[in-house]
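Please read the structure below before turning to the comments.
The letters A, B, C and D name the chains in turn, as written, and every chain counts its residues from 1.
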Amino acid sequence: MKTQTTSIDYIRKDFPILNRCVYDDKQLIYLDNASTTQKPIQVINAINNFYRNYNSNIHRSVYSIANEATAAYENTRSKIAKFLNIRNAKEIIFVRGTTEAINLVAYSWGRNNIAKDDVIVTTEYEHHSNIVPWQLLVKEKQAKLKYIEINENGELRLDQLDDYLEYGNVKLVTFSQMSNVLGTITDSTKIISKCKKYNVKTLIDGAQSAPHMKVNIDDIGCDFFACSAHKMLGPTGVGILWAPKNVMEHMVPFHGGGDMIKEVHKYETTWNDLPYKFEAGTPNIADVIGFSTAIDYINDIGIDTIRNHEEDLRNYALSKLDNIKNIVIYGNKDSAKSGGIISFNFADIHPHDLATILDEDGIAIRSGHHCAQVLMEKLDVPATSRISFYIYNTKNEIDKLVISLEKAARLFKL
Amino acid sequence: MKTQTTSIDYIRKDFPILNRCVYDDKQLIYLDNASTTQKPIQVINAINNFYRNYNSNIHRSVYSIANEATAAYENTRSKIAKFLNIRNAKEIIFVRGTTEAINLVAYSWGRNNIAKDDVIVTTEYEHHSNIVPWQLLVKEKQAKLKYIEINENGELRLDQLDDYLEYGNVKLVTFSQMSNVLGTITDSTKIISKCKKYNVKTLIDGAQSAPHMKVNIDDIGCDFFACSAHKMLGPTGVGILWAPKNVMEHMVPFHGGGDMIKEVHKYETTWNDLPYKFEAGTPNIADVIGFSTAIDYINDIGIDTIRNHEEDLRNYALSKLDNIKNIVIYGNKDSAKSGGIISFNFADIHPHDLATILDEDGIAIRSGHHCAQVLMEKLDVPATSRISFYIYNTKNEIDKLVISLEKAARLFKL
Amino acid sequence: MSNSDIYHEMIIDYSRNPINFGTIVKPDIFMHDSNPLCGDSIDLYMNVDDDVHSISEIKFNGKGCAICIACTSVLTEITKGKKIDDVIKINKTDILSELGLQKLNPVRIKCALLSLKILKFSIYSYLSDKIKKIDDTRKTELFKLKDDATNLY
Amino acid sequence: MSNSDIYHEMIIDYSRNPINFGTIVKPDIFMHDSNPLCGDSIDLYMNVDDDVHSISEIKFNGKGCAICIACTSVLTEITKGKKIDDVIKINKTDILSELGLQKLNPVRIKCALLSLKILKFSIYSYLSDKIKKIDDTRKTELFKLKDDATNLY
């Protein structure tokens, strides 16, 4: 335990923001990691270094700094391939984030593969990013959207998936590997093996899983995988879409423009090789390069160490929250089945009010619908409070959270 | 003249990369500003400062650092509105860059407003970003794409626009305000007044104009305007699309996801207010904030000062290149009608070979088709060499370029 | 502004016991809106006394945080019985100062002013529908009202 | 590698006087490809001597930089008259070392190897079409060729 504390102290030193105070003297306690994580100095410096030393556009120029930039940019692809166990780095497309990745699939794959009366299956605990693009698509195509519901433990009722598959017409099953509200870890292997029997494509929203647990795409065998750098120590504005080459080859271009073409003539055009066909225009070069450093940082710590640390913190927090009257927790109490996320409500205090009160003590938690209104409807609450951990969080921070919750109880005369 | 040199020296100090050497001892001479510009330390620091001090997701959280981040993000919108003379900052949508902006128009406006046999007019000197999205759209809609050709001075033949408009069915005229290859400044006012008579929408690709000359959107009266931060001292991964509210209100959403919705239910969803309806998912927060500092920097120098400096450099460079045998220059010799861009070819030396030879002396110029293959076909060359200036370039750098060109002539035995 | 200042007695009382909470069957004016970023969601109902051009009855329903519910309560109290010409003049300071919320941060201000936004928009559309022949001064007034609503936060 | 090393006599000569430059009417094998990032564009034509399974004739046409044209010239020289089984074994070092370009940077390497990529792909598709019943060893060989071509740069 001692060693663990020491090494966390050591890690915390890499995150400049953790030293900052809000309201003059309250040291920041950042518990909104499911929304976006903080960045280690190494990542900040990588971006800095790019702009100071080799900023230039990529792919298209022959001079030295352009070569350096191109090499660094392409190197991120290889890093990610290794990190997620993807065989071919050229199957990785850089996008702005998970949202753009899923929309890219909806446009470039969906518009050619979803027809009238086809069915897309999603789940009740999806983020809006994995619902709205499909709503738009099924509306355009007169297709159908179906939801896998959750049970009282916040787990998916996979029997419903069986029904949908058996009924037929299912073309895509799309789900998050970890719920951003409940923390539930989805049994991806089970879902995908079911889908494979019916030859149904699968998309994994890895926004929450990739940062917090080992993801092995080659093992999982899905058809699409999306995640965001900013949720895994990396900069804002970058994410990836992965799809195997044979799937990608049958996708039509998304954005048209520079770099995604092979030859442009006045009236016809040929497309560039993969993955460039899907990377039109100047990409977010600096931040793609910063992403690479973020992955190095995670690798240095070890993704399993991160997972264990979060499980530990979640168990600790649950035991503390258990002692406070009137706290209702949503999702699975078993931290082995859940990421480092806890959603809860505290008596009749609205989550927004609670977040504002905690903020006074420097504690940043998320309140609201967490871009998961379908889930809120299911839970029959307008909003929840959510705390979510990362490698730099400590038990001491949870203790301070508890003190602050007690203050809120006094203010609201609970 | 003395004062000018001094102030440029002063400006150059703000750009760390300009001190760097390539091949051990050749100080970088960066002449590829039309591709992407270098970044002043102020912009680099703004990004740095965000990640070190108030990194957080925006719009959705109530705690302090989220408030700071949201305020800084939204502040960029106001800065840009003032810079480009846009009345309502909420008409500005943040995107990855010009390419995404134009694709957004093609999808969200184009797919509902372009029908069979409608005509979209573009020009021969467009960047692929302003050609390929329209090729995709007209193909889908069985509509037509027509080109305004250029004359021997590299200027648009606006008589052809008259013909197209008279012939009818034109729904959109889309053009760059400054050609990225020839430097030609388009007579936007004339084009738009012609189009207004026929009630035809207009899109301005401002990727090259916004960084280098005063753009007054309210005066120009176009319907869409796009530009990229990275070409105007800002970070990679950010750009804007502007459209007046009454146009934007009739556009369908582009990407579906978080932040762009008002209420999501299982089977129907309502959209958020403008501009958020078009900003799905976590945006590139850090870089939007960095963009704001870039605009401050440009304002501090003054956009007219920038323009004058580049005109001056272009005239100087043209006079020097005139003394070298076998150099063919494309575009307008009159620098009053052109941005700080010169495209040329040097005898039978292929531009790539020339760029590699200049690189040896630390000189970064662009060679190739510049994402303007339609123009290359028109000029009947496979590629050109291009030099393009910004506020930090000097006449001394042009002198060194000339020496390096002479070396190339020797190597190729011209 | 320190937060314990925000969560004073009055706010918490209003939020637990909102004023004019409920619905009106067949209201003259009805509008629903929500705060996309936090999920506050309000229905506003009003009846108009045509003789004196005033709001004779006002009710609201919905879900929201203490600040949202308290501010909506205060807004309905201020509005009830007022002439429409005066209702459209109600501004954000009227609401915020009543509850000591002038220094609320930009994200929370949306909670406080959601109902005022709904009020302004709903009266705008009520008037636009109602007045068939709108003279030019009236038109400017109406546009101003819409602008007010749009730019409230 | 310093650039003046790149632009030695041989490269410049080849680029001004390319070998096997031209076209073949009705070639047995034809393929066009271009380098999207710089615009080099090459057509490759080959005839096959069916008896001995060799490339009897090879020509190229197109536009490109000195490096592209020189490397394509060298590639055609190496290829001409070779057995197809040997042609598919030609690798990048064969071309680059012939012209002293081993240390070319990653962007320019595409100029140097565009024609080799075309050669490999075109032979791949020629063989795929030709051999109706492909046995398994042959299949692996073919896949390897395609992979080679894909991963050349």
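We take it that contacts are C-beta pairs under 8 Å (C-beta built on N, C-alpha and C of every residue); 3 or more make two chains touch, one makes a residue touch a chain.
If you're wondering where the values come from, they're calculated on a predicted model, not measured in any experiment.
Participant: Can you name the chain that lies farthest from chain B, using the mean of each chain's Cα atoms as its centre?
Facilitator: Most remote chain from chain B, centroid-wise, comes out as C.
Participant: Mind checking the centre-to-centre distance between chain C and chain D? Centres are C-alpha means, answer in whole Å.
Facilitator: 73
Participant: Taking each chain's centre as its mean C-alpha position, how far apart are chain B and chain C in Å?
Facilitator: 44
Participant: Just curious, how far off is chain D from chain B if you go by their C-alpha centres, in Å?
Facilitator: So the centroids are 37 Å from each other.
Participant: Using the touch rule from the top of the page, what residues of chain A touch 2 or more other chains?
Facilitator: If we look for residues of chain A contacting two or more partner chains, we find 23, 60-62, 64, 66, 259, 261, 263, 352, 356, 359, 367-368, 373.
Participant: Going by the touch rule set out above, which residues of chain C reach two or more other chains?
Facilitator: 37-38, 41, 108
Participant: Let me know each pair of chains that touch one another.
Facilitator: The list of touching pairs comes to A-B, A-C, A-D, B-C, B-D.
Participant: In their complex, what parts of chain A are in touch with chain B?
Facilitator: It comes out as residues 16-17, 20, 22-23, 28, 30, 32, 35-36, 38-39, 43-44, 47-48, 51-57, 60-66, 96-100, 102-103, 106-107, 127-129, 131-136, 145, 147, 228, 230, 235-238, 253-261, 263-269, 280-287, 352, 355-356, 358-359, 362-368, 371, 373-374, 377.
Participant: Using the touch definition from the top, list the residues of chain A that touch chain C in their complex.
Facilitator: Touch residues, chain A against chain C: 23, 348-353, 356-357, 359-360, 367-369, 373, 376, 382-383, 411-413.
Participant: For the complex, which residues does chain C have touching chain B?
Facilitator: The contact residues of chain C facing chain B are 34, 36-38, 41, 105-108.
Participant: Could you list, by residue number, the parts of chain A that touch chain D in their complex?
Facilitator: 59-62, 64, 66-67, 70-71, 259, 261-263, 272-273, 276
Participant: Report the residues of chain D in contact with chain B in the complex, numbered from low to high.
Facilitator: Touching chain B from chain D are residues 2-4, 6-7, 12, 15-16, 37-41, 63-68, 108, 111.
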